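In the part that follows, the structures are each spelled out as structure tokens.
Both complexes shown next keep chain A, but they swap its partner, so chain B is in the first and chain C is in the second.
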Partner chain A sequence: MALNPMEQFTIKPLIAEPLFAIAGHPIYFTNQALLMIIVVVASSLFLTLAVKPGRLVPTRGQSMAEISYEFVANMIHTATGEDGLKFFPFVFTLFMFVLCSNFFGMIPGSFTVTSQIAVTLALACLVMLIVIITGFAKHGLRFFMLFVPKAPIYILPLLVVIELISFCSRPISLSVRLFANMLAGHTLLAVFAGFVVSLGAAGGLLAPLSVAPLLLIVGILLLEFLVAFLQAYVFAILTCIYLNEALHLHDHH
Partner chain B sequence: MQEHAATTETTEAPKKEGGFPPFDTTTFPTQFFWLVVTFAFLFTVMWRLAGPKINAAITNRRGTINGAIAEASKARAEAEAAQAGYETALAGARSRGNALAEETRQKLNAEIARAKAEADSKAADAMAAAEARIAQTRETAKGHVKTAARDAAIAIVERLTGDKVSAEDATAALGN
Partner chain C sequence: MVPPPSTRRRPGFVRLFGLWETVLTAPDPQRLNDLGKKLAELQTRQAAGTKRQPPSQSGIAFRFTTELVASLVVGGGLGWGIDWLFGHFGFHTRPVFLIVFFMLGIAAGIRNVMRAAKEINAEIASARSSETEDGKE
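And now, the complex of A and B:
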């Protein structure tokens, strides 16, 4: 049981009794809830306490906060242009939430919030909801032109269907990409860690062989740090790209 | 959650061993609840606190740096103007100095020429005077030679003949 690589994704209540119920569903305080709270409190404290507006030469912490701020601001600016900047708080929150969740998940023994499809799907649906609201607010019914690309009339029906399917599959692809990446990486680490333990426990000639999966773990761990950042970036940049389509339809490009 | 699932729904019980935890739908309400709470909290902080604060820090720095750059370029322009003024003054002073030197040299040259001419004329006068004196002395000496010849002639005649010859006769006898 201890070697089950899926064990790490189990959501366990830290307090046995449910806190309260919403529409008949009991709400627990779980290991995932604890990690979410740690993630948002840590990133809030870091991004507010490390920064002093009057500081001409930033400290290391302030520099990091400013770099993340400008990174997201530039991302929005290049993907959606000037008018996309009003979504900055949302995209910044999304990016920091996913990034910090991924990185806090790298701590051994902690929990990866983004390895849960419920979380990533909820975030992706929120993104699509905001995209749809923005689109209708800005263009009204002309927003449906998003599904009508510039093409000869005889292939339009086919293209509209393809565009519709593509649009509707976005929340799935957006959420599954993040979920699967985090899940796969952590599962792989746990599997190789299991190899180390079982080879070591086998004893005799097999014991020294346990070094091989250990080295692999080190390599995969480094890769996972890259993936943790990359997936947060991909999630945020795709959000920007979808927002750009809602803001400018197809006439932007 | 799975303990809960096991106690409330017996159908969930077999999932406990072989189930895939992320697809355990009994955990979804709790997950959604905490996601909404924490995400809303983080959004509020980013929107109201962290975002404006970081933006202010970046804007402040940009403003300070741009101000410093503007100030520096102003100071530089001033320095360049001062340098240009200095160079103009220097060029003026140099040309004035050159003019003054030239004037002085010409004045000195004129004075030297004048002094030289004066000295030359003085020397010429002195030379003329000296030549006149030499000529006079020569005449005088010539006169003395005649007198000496006459006296000698008188003395010779007197010794030879015993006659006294007058000076006029002696002179006449000597001729010129």
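And now, the complex of A and C:
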């Protein structure tokens, strides 16, 4: 079934033998694990090697690394202010991982790590864990004031529950947005690629029509590159916004 | 004759991702100047492309949808969980908490969407103000 558009998202073990077992569950080395390792190694190698010469006038690679550094630093600064900058390593790592995963997924025949809800949900839960830890470390029990909006006392119990649900929905909306965007884009590409093949195979008058979906794919592909960057950006900026709330509670009101 | 690599014009994508450029050592001053100019250009372009552009329509729509649906899921899930917990202890409240928390989930979802709208409005406002700044320059 080469034409199945969802086939690209299947996780298959690359080594037939499981590596080890956790509580009876065999752990395989899968294509997902391979792509994650490639993403991590490639992005860290690129960032370290590119800035290694440390030139005053940077080469292209160095300036790319510096631009991404400054980009994330500016993002954190505008979203959380000065004291949010100590989260720079975390947000930068997150941003680079998501960005590189998205871009590595754009290589034909490779695998999109961020199209798996398990990956994005794990990342989002990590973000929320850090937000909660930061909030309690900085404000102690006053962190719970995050769930208490300014309102008359008789309506507060209802609002606190609503705020609590809204807070708990964040990891889900954060992860689903990234996962669904990548899944939808790649499925769309595969579906249109399938149109090209089936129209071509139909022969006769239909065969020349297969050029139309082919042209469309080019457009969608460009859009997908934009989405790949945009979703990494959105993931990082929302992390900053959540961190800001944990750091400053309702100061901005 | 093959032109030297420094003057050969490559496609934009290849130039941007020209990793091998980092490996090349000691470019001549003329090239360094060119690189500086290109870098400044790239930086302004990047700033224009990422910060000043207001979010796209589909991006806004998708943001709202996920915020709303996530709250519904969490609200419903929470209610279902509380029902399950009570059922465990012998109180059969099955649909009550599910319904109540689903409605609270709707409320939380609308709250989330309003918050997201506020953020997006601020983003658009900052995009507009940066545009007018550009006009003055």
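Annotations for the structure displayed:
Everything that follows uses one rule, which is that the second predicted complex is superposed on the first by the 249 of 253 C-alpha atoms of A that agree within 3 Å, B and C clash if a C-alpha of one lies under 4 Å from a C-alpha of the other, contacts with A are read in each partner's own complex, and residues count from 1 in each chain.
Note that in this section contacts are C-beta pairs under 8 Å (C-beta built on N, C-alpha and C of every residue); 3 or more make two chains touch, one makes a residue touch a chain.
All values reported here derive from a predicted model rather than from experimental measurement.
By the touch criterion defined above, A:Ile165 reaches chain C but does not reach chain B. When the two structures are aligned on the shared chain, A:Arg177 is found in touch with chain C, with no touch to chain B.
Applying the stated contact rule after C-alpha superposition, one finds that A:Pro26 touches chain B and leaves chain C untouched. Applying the stated contact rule after C-alpha superposition, one finds that A:Phe147 touches neither chain B nor chain C. In the superposed model, A:Phe111 makes contact with neither chain B nor chain C. Of the two partner chains placed around the shared chain by superposition, chain C is the only one that A:Tyr233 touches, whereas chain B remains out of contact. Looking at the superposed arrangement, the partner reaching more residues of chain A, out of chain B and chain C, is B. Of the two partner chains placed around the shared chain by superposition, chain B is the only one that A:Tyr69 touches, whereas chain C remains out of contact.
Of the two partner chains, chain B is the only one that A:Phe97 touches; chain C does not reach it. In the superposed model, A:Phe87 makes contact with neither chain B nor chain C. With the contact threshold set out at the top, residues 53, 58, 62 of chain A are in contact with chain B in one structure and with chain C in the other.
In the complex of the two chains, the chain A residues touching chain B come out as 6, 9-13, 16, 18, 22, 25-28, 30, 32-33, 36-37, 39-40, 43-44, 47-48, 51-56, 58, 62, 65-66, 69-70, 88-90, 92-93, 96-97, 115-119, 122-123, 179, 183. Those residues of chain A that touch chain C in the shared complex are 46, 49-50, 53, 57-64, 67, 71, 74, 158, 161-163, 165-166, 168-170, 172-173, 176-177, 180-181, 230, 233-234, 241.
In the complex of the two chains, the chain C residues touching chain A come out as 15-16, 18-19, 21-22, 24, 27, 32, 35-36, 39, 42-43, 46, 50-51, 56, 59, 62-63, 66-67, 69-71, 73-75, 78, 101, 104-105, 107-109, 111-112, 115, 119.
Residue ranges on chain B touching chain A, taken from their complex, read 1-4, 20-24, 27-35, 37-39, 41-43, 45-47, 49-51, 53-58, 60-61, 64.
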